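First chain written, first letter: the chains are A, B, C, D and E, and each begins at residue 1.
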Amino acid sequence: MLLDIQNLTLGLPGAARPLLAEVSLRVGAGETVGLVGESGSGKSTTAKTVLRLLPEAASVTGRVLVDGTDVLALDGAGLRAHRAGTVAMVHQDPRSALNPVRRVGDFLVERLTSTGTTDRRTARAKAVELLGAVGLSEPERRFGQRPHELSGGMLQRVVIAGALAAEPRLLLADESTSALDVTTQAEILALLRSLREQRDLGMLFITHDLHLAAAFCDRVYVMYAGRVVEQQEADRLFTHARHPYTRGLLACSPELEDIDRALEPIPGRPPSLSDTFTGCPFATRCPHAEPECGTWIPEPVPLPGGGTAACRRLADLPEGPVEQPVLAKRSPA
Amino acid sequence: MSAIETRPEAPLLVADGLTKTYRLPGGERLTAADRVSFTVPRGGSLGVVGESGSGKSTVARMLVGLVRPDAGTVAVDGRDRATRPPSFGRAAHRLARAREIQMVFQDPYISLDPRLTARHCLRTSLRLHGRDAGDGRIAALLDQVGLGAREAGARPHELSGGQCQRLAIARALAVDPRVLVLDEAVAALDVSIQAQILRLLDEIRRDTEVALVFVSHDLAVVRHITEETVVMRRGTVVEQGPTSRVLGAPEDPYTRLLLASVPRRGWDPADAERARAEADAA
Amino acid sequence: MTAAITVDARLPVRRRPVLVIAGAAFLALVVLAAAFAPLLAPYAPDAVDLSASLVGTGGDHPLGTDASGQDLLSRVLYGARTSLIAPLALLAIAALLGVTLGTVAAWRGGWVDTLVSRVTDVMYAFPGLLFVVLIIAVFGAGITTSVLGLGLAFAPTIAKYTRSVALTERAKPYVDAYRVQGMGGVRICVRHLVPNLARSIVGYLVVLFGEALMSLATLSYLGFGSQPPSSDWGLMVQEGQAAIVQGALLPALVPGTAIAAVVVAFNVVGVWAADRLGARR
Amino acid sequence: SGATTGASTSGTEAADLTLIPTTARATGSVAAVNWLLEDEPDSLDLDTQGGSAGRTVLGNVCERLYQLQPDMSVRPSLVRQAARPDATHLVLTLRDDVTFHDGSRMTADDVLFSLKRHAEPEMEQSDEFGNVSAMRKTGDHEITITFKQPDALFTKALAGDAGLVYNREQVEKAGEDFGTPGQSDACSGPYELSGWKSGDSITLTRADDYWGEQPLTGKVVFRWADDSAMVNALATGAADGTYADNIGTAAALRGKKGLDEHFGPSTSTLALIPTERGGLADPDIRKALSLALDRSGIAKSGYGGLVEPWATPVGSGAWGYAKDAFAAAQKQLTDAPAKPDAQDLAKAKELVKNAKKAPAEPIVIGTDSSQGRMVIANAVRAALTQIGLKGQIKTVPAAQYGEFYGDKEARADIDVLVADWYISKSDPFGFYDNGLSDSANNWVGFKSPEYDAKVAEGLRTLDDAKRAELAIDVQRRFADAAVWIPVAQMPTALVLDDKLTGPPASMAYLYYPWAAQLGAKKG
Amino acid sequence: MFASIGRRLAGLLATLLAASFVIFAAVYAAPGDPAVFLAGGRDKLTPERLAAVREQYHLDEPLVVQYGRWLWDCLHLDLGRSFQYGDQVSDLLSSRFPTTLALVGYATVLFVVLGVGAGVLAAVRRGSWVDSAVVGTTTLTASVPSFVGGIALVAFFGVRLGWFPVTGSGEGFAGTLHHLTLPALAMALGAVAVIARVTRQAMVEAGAADHVEVARAAGLPEHQIIRRHVLRNALGPVVTMCGLVTAGMLAGTVAIETVFGLSGIGSLLVGAVNSHDFPVAQAVLLLMVAGYILVTTLVDLVHPLLDPRLKAMRSSA
């Protein structure tokens, strides 16, 4: 396994509940794994632990193994090497990911030389080559331009080029297309997909768009309030979502094709860090919740078609695609 | 103006040839909207879609009068919004226009006055228009958008994004508008909340016969909530018509590109690449 | 575009409020001392005692005396009045002018903005105290002239600040919402825009207070501001300066320290308040 | 840090000071000295801008027809000989060996030109020529001056700025720029002006072809500094000496290692001058104030004990003749006690009670904010309070303070001015003409025909002994009417590096080539 | 680029014109006859003198014409004659300006080195005792008016310890340095505080930018991140602030030169105002304002070089 997160729990002093609770997640080489959830569910935090970018004063338990090394045990030079080597991250907003006062080329050259293995001359040539590889026209010219002279889509390509500079095996894409227009998003996704194929990259693809995750990834994890609530093959998620939250998400996301279906909102609002739970965090919003759910500590239950879902009422829940309105009750926030 | 009878079959909102050119620093000009025309019937719902920068917001802002069009007119019930009826004072004209079209903005937090509680916010609107601003009326409005007594006394920062957006809608409804313009009103919300707001809008339309102009880049949302759609690209309307036709059987390559770019079951981003090639060729 | 709104649940970094509390307490003390100077001061501020010229601390004069044997503690206590009220008055003048100009410029934009900006630019071209010095050169020295002059000199700073925060605030959609609701510009500005800026402007003014106090003290020191026999602190420093060479440091040191202490306290409290009030710096 | 930060005002009492006109003779030469002035001279044209800074410099550069000696007597200088054929004529025979610094010889034309320049109405010294009806060149080396009436003081005036002799050609060439930085002097004298860096320094160098005796010191560099800076500069040896205009400077440097202090006679006094405004129009009130004023307190607090409570408005330096008579007379004046005792105070209160025009409003005391004057002003306020009146202080910046003396409007809102006053002539009559009914300096409007007559007579009287008698009489009348309220006499204070000696310690330094006497103690 | 420089220079000229007009026209705001006012006090005001003033200032002509002539004369360095000194104002200025310039230059060097150094240190060691010390000290020094600081320095280093001379501006390089150390320090103290805070703030802000975290996530060495991403990006506000403070210091010399008895243009101005020597006051004000505008414009021109985003905005502006 390229990335293997085991029972990761991350707490902050002063926070009512852990940011991440018992998160387990695996990404294999060449595999694209989606991570979805509403805002604040802990997606970015999960991704950052892979680089050991933790909030100050955070307390962590569990293990984060990248290629067998435990990232959480690294520091100093070892950590820098880890960050500069195996894993690379692509952030959401390409404009803020690049230093506005430096040239695009400097960004790449800096990455290439930071390991100390390349001199500036070859780094330059390599940078231009990378710019070409991510589909930028006139890479020579782009090299000398500054971020404000490029469009968002182009910048995201530059950021991806930067991520590729260290020839990583694992790519963490944190909402890396969310800030872009749909059409541009499609371009970038196409690029990511082809890069993955060429370089046999493992990819952790974070998004809040369940449809996008299901369409783009091989496997999808769904997070809610710092927990992984469901994990399945992407194809099956459209058709056989099992956790009520996942089903709720599908039911309330409008679809282009499926126009006759009424949107069924999930009542209430996504939990914030100040909300605490004694049991299943989704219980208060769940149409199938029973009083016992309020005390049941969620744990992944294996699903018949592969994957897991953390719900104690799995057996009683409907299967199959979410077509009929499943949520009868509607209540305002 | 009073001479014009309001005929029931006449469209409620008529935008005709709206054009806006911004002067950019450096002397360049940018035509953000170029002869944009459309109509919305009484109680109807129009979607405006397009990529970022295509001029959607500019059109929305011209409708409510936040941006003065360089050319073109906006008429509600056959009355041109720009010309002042002789019998009206400036303030009266302003208020009368406000009762024609109201607007809901994208970011719910900053579209509300941070100093005012929900109740206070609604009272300000009601008073401005000389309406009954009693607690009963306010409670009714809040209830209409699904807010309760706790929220009534809260300031925006004490509310969630969805609640803020509900309040913003209530504020617009307080004026009893004929048309409600929503500029990316759900874009900033989580999907579960977005669905709540969309449902609320549906109910409001049913209850009040207010017409919606729904500006969004999210085709799926537009498909769900509107009857007519206008597709914009670089300031111009490339396609318009019934939503089911425009988004179901698009004619314009650009519309096809937009549609091909939306991720869905079995989607391949490479399809979008091909659609782009077509759109660029066209 | 679809970025979901995240409520920032990050915990506020705890500041060390001990200093702030100490500063605030000190300021409160100074204000009380100024108000009740007649009760607290052991002597009249202008009581002369030629037999006790330049005595040191201790005994009858807790902080010593100046060359004419006037009690420094009493003078500093009474001096707190002018030294605190004058900067307040000047800030009031400057704020009235500056906030009005800044708001009008930001709201109206176009040529009004250009005009206001140009005028403030020209005022800005007079660094520091120079504008006041020009006014004093023409109208003569005095505390009134200084306060008015400094009020004028500070106004552009405040106008510029107000304009910039007002521009940001004006760009927020809630202001558009008021316009869409049919509210008039004046009403929006007076009832909603300025009140929403008030915290930030007050925060800015609090920080400016220290500067105002120091500028006035400097003017008094140069002989342009308060005139003797006032016990304005800046003036006292000037009067006490001559005694330094005679080995008597107190006459200059006591009022100098008073200025510095009040300004320090104000800055400590002010920076904290400005942060709390959300002033941009 | 504790109670030590107050100054330890050593109890120097003025009475301890013996005023000695000059310092011991110098024998060794010195290449250069650094001298301090209280201020940069506004101009080195004393006709347009008089001031002690300029005089201190120019005394060494520009010679006068007569010369004031360290003992305050007057002797011919550029004049070889003077004769008075009758009481209204003065014939001056000029030296013929005098050369100006540009090498040209001094002629009677130059002298006449200079005198006429001084006499022009807008010039500083014009009032000295009020009695002159004609000035003529009556020979190659002879000038005759005709007076409207006998003038006892005129030759003394010629030892002051009214006797400066300029090189006509040079003055006319310089025009308006005469006396500004970059111009050369147009004088004869032991030193010539070799540079004036505006804002920085003035340099004098020994004039090589000086017609008289060569000085010991080669170069004098003048810089200026305010009191505190002056004290520091002298204490640290950055400067070699100064005539401390502000006596406080000398007080602060008392006992400092490496420095000598010399105190000499001066005409200078501290006094209160009542003004036209009228708060002190009543002589009884003035006298009461005088009786209640704590002069020794002022001397101690404001001037480090270096000034001496004094009962007349002229310092002892004015006693250029009949010294003993004047000294005795000064002792007889009792209306200006050093420290008022109960009796004085009772008398003062009595005077106020019975005064015809007791002021209702507070009496406004005008001053600048320099330490000494502020102390006097405060003391006056305290004295007024003691005798049941009110005082109020009005200060102006130092630079404006001078306006009080010359400008009636500037005085319009003060009742009494805290003043320093010196006269250039070593003759009390040089002062008492200020009390004449028509004098511009008689602000309070003192009118007494007898006084006027006595002064006129004194000014006409050429015999010293007789004139002294008249002066003492006039002095008593002036004191009785309390036209001015004397406070203290201020000696000249010379602070000097203890390796140097030579210059006079008296007020003569303003008009006398003092630097020419300056040199090292041991040769 | 050149167009934008041209525009800046035009702006500079316009501001300079407006400011000079304010300085010139101020005398008309004075109560009474401007000639009397200009003649400087009422002492010995002869008709000839009034006439001379009228002529020097062309008081008989319309205001604009007078201003034009005055400006023309100023451009030819004919600033009139001082009433107090009787000397050409331009001579007075030229002999005093070097002192002021040396003082400001020295103070600038001091506050840039100390201020930026302290600011960087505080930002890098944010939250530590170093940070607290820097913040505490700067709060203190920022609260002491320069004249009070100056007097304290004089009392301590000049009088008590006698380490530094407290009068005059010294001769030669070493002498000037020695003489100007205390005054420069007194002026720099407040500025050090300002610069240290701005530097710290700018560094903290620059350090909070996403791209810094991105760089950290890419495993770049910390010193490189601080140098290339944090400090480099913080330079804009720091340089601007340094420029503004330096420009303002010209005026700050008014107080400091008085404290230290230096003959620069600051003390010249104070003297001129007190003695009603208006031509001198006008000239000094003009010089100071011109210096201020010049330096601020320079800073404005430099800023885009440090932040290319601004350059893009400017050159298209």
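Throughout what follows, contacts are C-beta pairs under 8 Å (C-beta built on N, C-alpha and C of every residue); 3 or more make two chains touch, one makes a residue touch a chain.
Please read all numbers here as calculations on a predicted model, not as lab measurements.
Enquirer: Can you give the shortest number of steps from chain A to chain D, where adjacent chains in the path must touch?
Expert: Each step joins two touching chains, and the minimum needed here is 2.
Enquirer: With centres defined as the mean of C-alpha atoms, identify the chain lying farthest from chain A.
Expert: Most remote chain from chain A, centroid-wise, comes out as D.
Enquirer: Determine, using the mean of C-alpha atoms as each chain's centre, which chain is farthest from chain B.
Expert: With centres defined by C-alpha atoms, farthest from chain B sits D.
Enquirer: For chain A and chain B, let me know how many angstrom lie between their CA-based centres, rounded off.
Expert: About 32 Å, centre to centre.
Enquirer: If you average the CA atoms of chain A and of chain C, how far apart do the two points sit, in angstrom?
Expert: 51
Enquirer: Can you work out the whole-Å distance between the CA centroids of chain B and chain C?
Expert: Each chain's C-alpha centroid was found; their separation is 47 Å.
Enquirer: Return the residues of chain D touching two or more other chains; collapse runs of consecutive numbers into ranges.
Expert: Within chain D, residues 228, 232, 397-398 contact more than one other chain.
Enquirer: Please set out, as single numbers or ranges, the residues of chain A touching at least two other chains.
Expert: Counting only residues that touch two or more other chains, chain A contributes 38-39, 181, 208-209.
Enquirer: Check each residue of chain B and list the ones that touch at least two other chains.
Expert: Residues 52, 160, 190, 217-218.
Enquirer: Which chain C residues qualify as touching chain B in the complex?
Expert: 1-5, 7, 172-174, 176-184, 192, 195-196
Enquirer: Looking at the complex, which residues from chain C come into contact with chain D?
Expert: 46, 48, 50-51, 53-59, 64-65, 67-70, 141, 223, 227-229, 235, 238-239, 241-250, 253
Enquirer: Write out the stretch or stretches of chain C touching chain E in their complex.
Expert: It is residues 118, 121-122, 125-130, 133-139, 210, 214, 217-218, 221-224, 234, 237, 241, 244-245, 249, 252-253, 256, 259-260, 263-264, 266-268, 271, 281 of chain C that touch chain E.
Enquirer: Show me the residue ranges of chain D that touch chain E in the complex, using the header's touch definition.
Expert: 40, 42-43, 45, 48-49, 122, 176-177, 179-182, 197-200, 223-226, 228-230, 232-233, 235-236, 238, 397-400, 402-403, 406-407, 409-410
Enquirer: Under the touch definition given earlier, write down the residues of chain D that touch chain C in their complex.
Expert: 2-9, 227-228, 231-232, 248-249, 251-252, 294, 297-298, 300-302, 304, 369-372, 374-375, 378-379, 381-382, 392-398
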